[in-house]
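Note that the chains take the letters A, B, C, D, E and F in the order they are written out, and that residue 1 is the start of every chain.
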Amino acid sequence: MWERKLSDYKVGESFMAFFLIRKAESKTTAAGNKYLDMIFGDSSGEISARWWDCKEEDELEYVKNTLVKVKGIVAEWQGRKQIKVEKMRAANEQDGVNIGDFVPIAPWDPQDMYKELHEYTMKIGHTGIRDLVQFIICESGERILTFPAAMQNHHSVRSGLLYHTLTMLRAGEKLLEVYDFLNKDLLLAGIILHDIAKLDEINANPLGIASDYTMEGQLLGHIIQGVKRINQAARNTNLDARTAALLEHMVLAHHYEPEFGSPKRPMIPEAEILHYLDIIDARMFDMKKALEQVEEGEFTEKIWTLNNRKLYKPQHALVQADDQEQEE
Amino acid sequence: MWERKLSDYKVGESFMAFFLIRKAESKTTAAGNKYLDMIFGDSSGEISARWWDCKEEDELEYVKNTLVKVKGIVAEWQGRKQIKVEKMRAANEQDGVNIGDFVPIAPWDPQDMYKELHEYTMKIGHTGIRDLVQFIICESGERILTFPAAMQNHHSVRSGLLYHTLTMLRAGEKLLEVYDFLNKDLLLAGIILHDIAKLDEINANPLGIASDYTMEGQLLGHIIQGVKRINQAARNTNLDARTAALLEHMVLAHHYEPEFGSPKRPMIPEAEILHYLDIIDARMFDMKKALEQVEEGEFTEKIWTLNNRKLYKPQHALVQADDQEQEE
Amino acid sequence: MWERKLSDYKVGESFMAFFLIRKAESKTTAAGNKYLDMIFGDSSGEISARWWDCKEEDELEYVKNTLVKVKGIVAEWQGRKQIKVEKMRAANEQDGVNIGDFVPIAPWDPQDMYKELHEYTMKIGHTGIRDLVQFIICESGERILTFPAAMQNHHSVRSGLLYHTLTMLRAGEKLLEVYDFLNKDLLLAGIILHDIAKLDEINANPLGIASDYTMEGQLLGHIIQGVKRINQAARNTNLDARTAALLEHMVLAHHYEPEFGSPKRPMIPEAEILHYLDIIDARMFDMKKALEQVEEGEFTEKIWTLNNRKLYKPQHALVQADDQEQEE
Amino acid sequence: MWERKLSDYKVGESFMAFFLIRKAESKTTAAGNKYLDMIFGDSSGEISARWWDCKEEDELEYVKNTLVKVKGIVAEWQGRKQIKVEKMRAANEQDGVNIGDFVPIAPWDPQDMYKELHEYTMKIGHTGIRDLVQFIICESGERILTFPAAMQNHHSVRSGLLYHTLTMLRAGEKLLEVYDFLNKDLLLAGIILHDIAKLDEINANPLGIASDYTMEGQLLGHIIQGVKRINQAARNTNLDARTAALLEHMVLAHHYEPEFGSPKRPMIPEAEILHYLDIIDARMFDMKKALEQVEEGEFTEKIWTLNNRKLYKPQHALVQADDQEQEE
Amino acid sequence: MWERKLSDYKVGESFMAFFLIRKAESKTTAAGNKYLDMIFGDSSGEISARWWDCKEEDELEYVKNTLVKVKGIVAEWQGRKQIKVEKMRAANEQDGVNIGDFVPIAPWDPQDMYKELHEYTMKIGHTGIRDLVQFIICESGERILTFPAAMQNHHSVRSGLLYHTLTMLRAGEKLLEVYDFLNKDLLLAGIILHDIAKLDEINANPLGIASDYTMEGQLLGHIIQGVKRINQAARNTNLDARTAALLEHMVLAHHYEPEFGSPKRPMIPEAEILHYLDIIDARMFDMKKALEQVEEGEFTEKIWTLNNRKLYKPQHALVQADDQEQEE
Amino acid sequence: MWERKLSDYKVGESFMAFFLIRKAESKTTAAGNKYLDMIFGDSSGEISARWWDCKEEDELEYVKNTLVKVKGIVAEWQGRKQIKVEKMRAANEQDGVNIGDFVPIAPWDPQDMYKELHEYTMKIGHTGIRDLVQFIICESGERILTFPAAMQNHHSVRSGLLYHTLTMLRAGEKLLEVYDFLNKDLLLAGIILHDIAKLDEINANPLGIASDYTMEGQLLGHIIQGVKRINQAARNTNLDARTAALLEHMVLAHHYEPEFGSPKRPMIPEAEILHYLDIIDARMFDMKKALEQVEEGEFTEKIWTLNNRKLYKPQHALVQADDQEQEE
């Protein structure tokens, strides 16, 4: 795996490296020459790149999501670093690089997560609900291992759907200890199913990169598609209609507000808490990611997914100093 | 049928008549005596009534939606007419009264409307869509003949669902002549299906009186239930998934705004016009009904279903006088 | 008339053609040379153009809405086609081109539409209302033949105002058959008058191209200006004040929501349906136009005038196949 | 004039007094006897009253806004004082009472206010604007002397319209000293005209009591009616159209927000400040009145016209004590 | 302690019992006789009561929050049970009743909760933050033991403030295990302090019953009062200004939306999660309470504090049956 | 002082002049050469500038807010004037220029304004309130002389805070004459204190140019910081808590709407009028400034701070002609 971070590159430096093409557009200079305007990425981030001396046919070869080996130099344009490509070719098997290393990924291993998901499923005591959940997971197949949880918001990383589901399951299990009147089976099933129809709403490749929405995804959305899935699965697993309606309601209500896609607000406490587990997990993911990009004592830029709020990163020295002492 | 209007009754008058009990509550006087506090109705309207000398067991017999024969006198209470019941018994077959005459009903005959609905279905040229529509109508059975279109808003009358659907079909067919780029099959199917799941959302008796919402109706609503119905019917009639998605989308989007229950706004023009046909028909029904209750040159009370607007009834003499002349 | 579409031009191709200058701006290169940055248009669309070797005085001659004869070559800039002007001169009478062919126009002939408008006016039975409508049409003069219906939204094409009014009249006449309790005279008059004061709100040239708002248009808006017009016309034609108030109310309420310019919501059913006829016609125009620009099975871009919705164009094969068969 | 306040009456006390009937409704007791349920008022407030032994014909005589002489006793009902009428007759000329003393009135004399209004008119330097203002005041006639400024909100008192206009003129004249770039003529004219069409919107009797809205008032509203008035007056006084449009705009924009009736927001600073003068005057009137009804150190009830806010009345001792000392 | 529930009383039954007067109003009958209209309560609920034969002075003695011994009979009025008081006297020490048994109380013992609160305080590692939290708890004194968390919403029960704080601390501690990048000290301190100024905002008696808002509570609100408290405590405990600002921000932002009282939205993740812990705890409390009042398979009434939602109580047999089996 | 306006410069002209650097960014050309992209300003406005031949170290010297002497030529870029720098050096004492002449400034002298502020303070009769106001002014020190009133909205000029406060005091004093029931002391104090914590919210240099928000400013905002300041000052000056709460409330409520930062709406009339004085002054400032930039008879561009309204500048000849005559 490629271990150097993009932020480590210095202007003026020559290098040879592997990148994933995130975006590629063929353009023409004022002088009428073709060039490729690209964005390269690896797991550490993105950088813009230009290949001035490309040929006509290069446009067709070096498309989005191609893994390439690049010889280049780090230039600067409008105050930002930009790679000037000198040579470029598609990576091949002999290169021994793993394409999975070039996309942002969830921090846990997909197989481990899948196993943990299965364990949570087994914690559902109600046979009918458990059968339905297993039916739907089974029906989803291998795609669930790498699928992202969104086009571009929170958890839009490889295996983001699994990761989002599992942190919610962990948090949900813990809150069940505090709010012990809640029905565990409904809550666990609701968490597992709430975003499962993202698989039907979004087109994503095996790298876990979402490209666009499906036709049904646009016209109906993953919430309605999720309700349809449960409805069909209930017929296939003979779950009684009233219990199926509870699960459908949980999925239907999990965005809480009509303007965010839920025509009904939660009418059972398990649906209520499902919504808050969802939003807490999304916010913690986005905030953690945003704060990793600023220094202590600084504010981030305005963040679109957080209603254009800026976040503040407190100074470790201030808020945690004594902590250390005490621990000693 | 009972042909005298409730508004014709005079204070002080004695009478014998048939009524439907719309509401009945057992109460106790300050002196500790039981009495029945009721609302009587016939097809011309409603009036409050009290039976002061009732017995303990009467409370159980004279419940909501019972058809009764009443001997009474017209009194006045707080400035309004109120019936003082002297004698009362349940109507029986010998009385020869038709319970259907005591509830507000759509102005057209249910059987005629059902026939016209069938004719519109046959105008759908696309075999797959037509089959699906027929499957769903068939599946709905006889209830469709008398079902109201709502709990308490527009078209909440016996056979209101059929009546609402048919006026929309007529208006839709006419607009198809003006906007001829629209797909006739999608629009006709969309109109027929848009409210069909009210049958699943509302509990109504054979009189066409809605009593309350079903458990599924509360948790999901008729829009989502309609989507589920189309999804199931498409599997049963082998309609391809993309065409089914178009029909599901039309039902899903027909309330237009998220806060009115549609998580997606119309994305095809047929869905757009379906929404406007729906709202025009609802408004015309409510406005016609409200204006029938005031004199020319007067305003109605504020009407809740019309955002608390008052309506004005222009003076015929002013706006139509010349019309008459011209016609002669 | 120039019959080739802008989309047919190939990059690299030389050509000679007529265009209307839609926009022209004089700019200076880094090297200090003047050039004209323009947008050319014909009835098929628009394209950007640059004239690198222009003279100082060209800036004054080649202004917005000039019809020009151009010799040029099709270049590419930032992934889009752009015309590189080699020679350019103003079109003259000898060229025999019709300036009307270079702006987007309504699909029906203005004179035919004007005649149909007259026929609808004659269908108004109430003498006073008919006189007022005729007075206002007459007062508006010839401008009504070519006037657009808007600055940049729906029907912002030559003769758009007449076209919009007539499709609404046709649709309104049809709905009067379904909702026969409505007053025909009020509705027809309301449709004809609802946007008539756009003539006072917008400055447009004889080509039917809107350039900007008038001083009164900015300070008052066409709704209020329309009310004033009816008020004055009623004095001139001796229409009684109450009937005039009904017409003024219809114009005042036709945008329905305060935030869209209507301080009063409709209080008569004719005003209610006027609003919906207006919005249906606007939406059908915009949707038809947007869908003409994508292929079957595709979504459009987000459309600003439709709350940023994307539209979907169903596949003809799917939704209409059987239709064909049946018709045979 | 009757000088005793309603709040001075003691329960159990017998009295003879004059009142204005504010509201009167004929009701029937459980025992079937008629009685009149009324609200009496004088300039100090209101009190409920019942006349148990009234005759059939009394209902027709003792209607709203009748001035009556009453012999009665002060009873209590549901914790509140209520007058039990023993004898009642209409007041006559011999009684020597002034009906004007029985309605809430503005604190300044109508004739003085009319004179001051005239003086402000004369301060308008621009002949055309001054003529138009005078034309409209003249056209309004004597009704302006007693007219209230509203149905039930701020300044809904006799001569409230004049009073509201004059306090705004005084405040406006003062702010012109601070913001001296404003056009005095536009501002003074705008203030005088902004609510003048309340005379057309509301029906009020010579007592200055508003009863209901006019037909035009409901369908158009005083803002639009005011614009129409200026438009007509400009034609009568030959004011140029552009200046008239400025005045129309000021009236049109004075409620500021579309949802409060202004389709355009202020586009000249004089219109902007007109709005704030209007709202300040309304708020000060309502707040002063509300605070007069509570003790120092207390909160009022929630006030509907102030977005359901409660107001607080500070303790004089706290906030003003030293003031006194200093003045000595 | 009084162990019989109010719902167990039968109409017609005579009884002797202790109640707390929740509300008392002196009224007068039509016949002019005084009576007391009261609401009695114990820990099981409330019931209306009337004392027809009371004396003038009783009004002063039997006021809100008096504990009384009552001899009476259960009557019925307007379909509801109502106590007819025969004899009544204030409870005295000899009666041996505990006033605390007559108000709704939190389910945990106040002293235990106070102890647990202390333990959580000690888990704060940062000395400065811990000192400030202890200073504020200490400053609050004994009132914290019984104080309710609200006037009438969630947790408006005796010791509700402590109970609400502790369930949040427990839930917060658990989520810290899942979202381990959060600063524990800030979160624990934020939870303890977020509602502490309710003590300044609300007047409540030692029974833990809130009566009204304080003058400062109305003018500023507990959020702003909480910020002031932290600001003062930081000066007293010499906490650095930046850390104090973080705590102030957490309290300021905990209602999240401006319209709910937070002028700033959370800008650190600890403030974000504090908000969600607060709302989850409030919702779980309200939902649990509401569902305890309906049967399985039924919907509750519309609940005001939950945006007028109805809640549904699933049938145990359906959703939990297999659970039982599995556990065996 | 530099007396020539930026708008007077002609394209092609050479010049020597002093400017303040408002913004400076080091960029690199396609060819890899460094250049400085700057914005120059003087008190008459701003202009973009480029220094193509700068050295590496220039980037560090010529930063934001440096006063420089420039030899250059006026070029044009993308239709706008742009300065091409030939020589540039930092201004020094010998140059004899006053940095204060290069920033937008309030129209009145800071020392005069400070004196007037003091006079207003002395008009506060209540000793405790006056002491508190003086304490806070004193505590603020010299920064108050030059501080702007905002980052970028109204009054974001040198000494803008003082200027804004004083025009409000003058206007407030005048309205006190009209609405004489208002408490003068509270109103004067409220005006002086309402924005005082901008000093804590914003970082501004001695030139009166705001650069960014402080950490506390972001997390709390000047409204909450103002409340804290009053709270602390009250402790220092021994003002009683209730009177302090009134002042805190006035500051807290002065933005009126929760979404603009005021969690409480005004509950005393002095707070109500404080809000309107604030908004009137802001609007008059912004409108005056915007109208100075257009010709009579024209509309301005859309103005962001005025909800994207355009303003209209009436023609002097129309609205003021007669005025002149009359004055003669």
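In this text, a contact is a pair of C-beta atoms (placed from the backbone, for glycine too) under 8 Å apart; a residue touches a chain by one contact, two chains touch by 3 or more.
Keep in mind that this is a model prediction, so the values were computed, not measured.
Asker: Which is the least count of steps on a path of touching chains running from chain B to chain D?
Answerer: Step count on the best path from chain B to chain D: 1.
Asker: How many degrees of rotation map chain A onto its copy chain C on CA atoms, rounded to the nearest 5?
Answerer: Between chain A and chain C the superposing rotation measures out at 120 degrees.
Asker: Same or different interface residues for chain B and chain C, judged by whether over half of the residue numbers are used by both?
Answerer: Interface between chain B and chain C is built from largely the same residues.
Asker: On a CA-centroid basis, which chain has its centre farthest from chain D's?
Answerer: Relative to chain D, the chain with the farthest C-alpha centre is A.
Asker: Among the chains, which has its CA centre at the largest distance from chain C's?
Answerer: E
Asker: How big is the gap, in whole Å, between where the Cα atoms of chain A centre and where those of chain F centre?
Answerer: From the centre of chain A to the centre of chain F is 44 Å.
Asker: Using the average of all C-alpha atoms in each chain as its centre, how far is it in Å between chain D and chain F?
Answerer: Measuring from centre to centre gives 41 Å for this pair.
Asker: Indicate the whole-number Å distance between the mean C-alpha point of chain B and the mean C-alpha point of chain F.
Answerer: Centre separation, chain B to chain F: 62 Å.
Asker: For chain D, give me the residues that contact two or more of the other chains.
Answerer: In chain D, residues 215, 218-219, 242, 246, 267, 299, 310, 312 touch at least two other chains, as defined above.
Asker: When you check every pair of chains, which ones turn out to touch?
Answerer: Listed by label, chains in contact pair as A-B, A-C, A-E, A-F, B-C, B-D, B-E, C-D, C-F, D-E, D-F, E-F.
Asker: For chain F, which residues count as touching chain E in their complex?
Answerer: Within the complex, chain F touches chain E at residues 215-216, 218-221, 223-224, 227-228, 231-232, 235, 241-242, 245-246, 248-249, 252, 257-264, 267.
Asker: What residues on chain B touch chain E, complex-wise?
Answerer: 25-28, 30, 32, 215, 218-219
Asker: Mind pulling up the chain C residues that touch chain A in the complex?
Answerer: 75-79, 297, 299, 310, 312
Asker: Where on chain F does chain D make contact in their complex?
Answerer: Residue list for chain F touching chain D: 125-129, 167, 170-171, 174-175, 177-179, 181-183, 185-186, 240, 242-243, 246, 265-269, 272-273, 276, 279-280, 283-284, 287-288, 291, 299, 307, 309-315, 318-323, 326-327.
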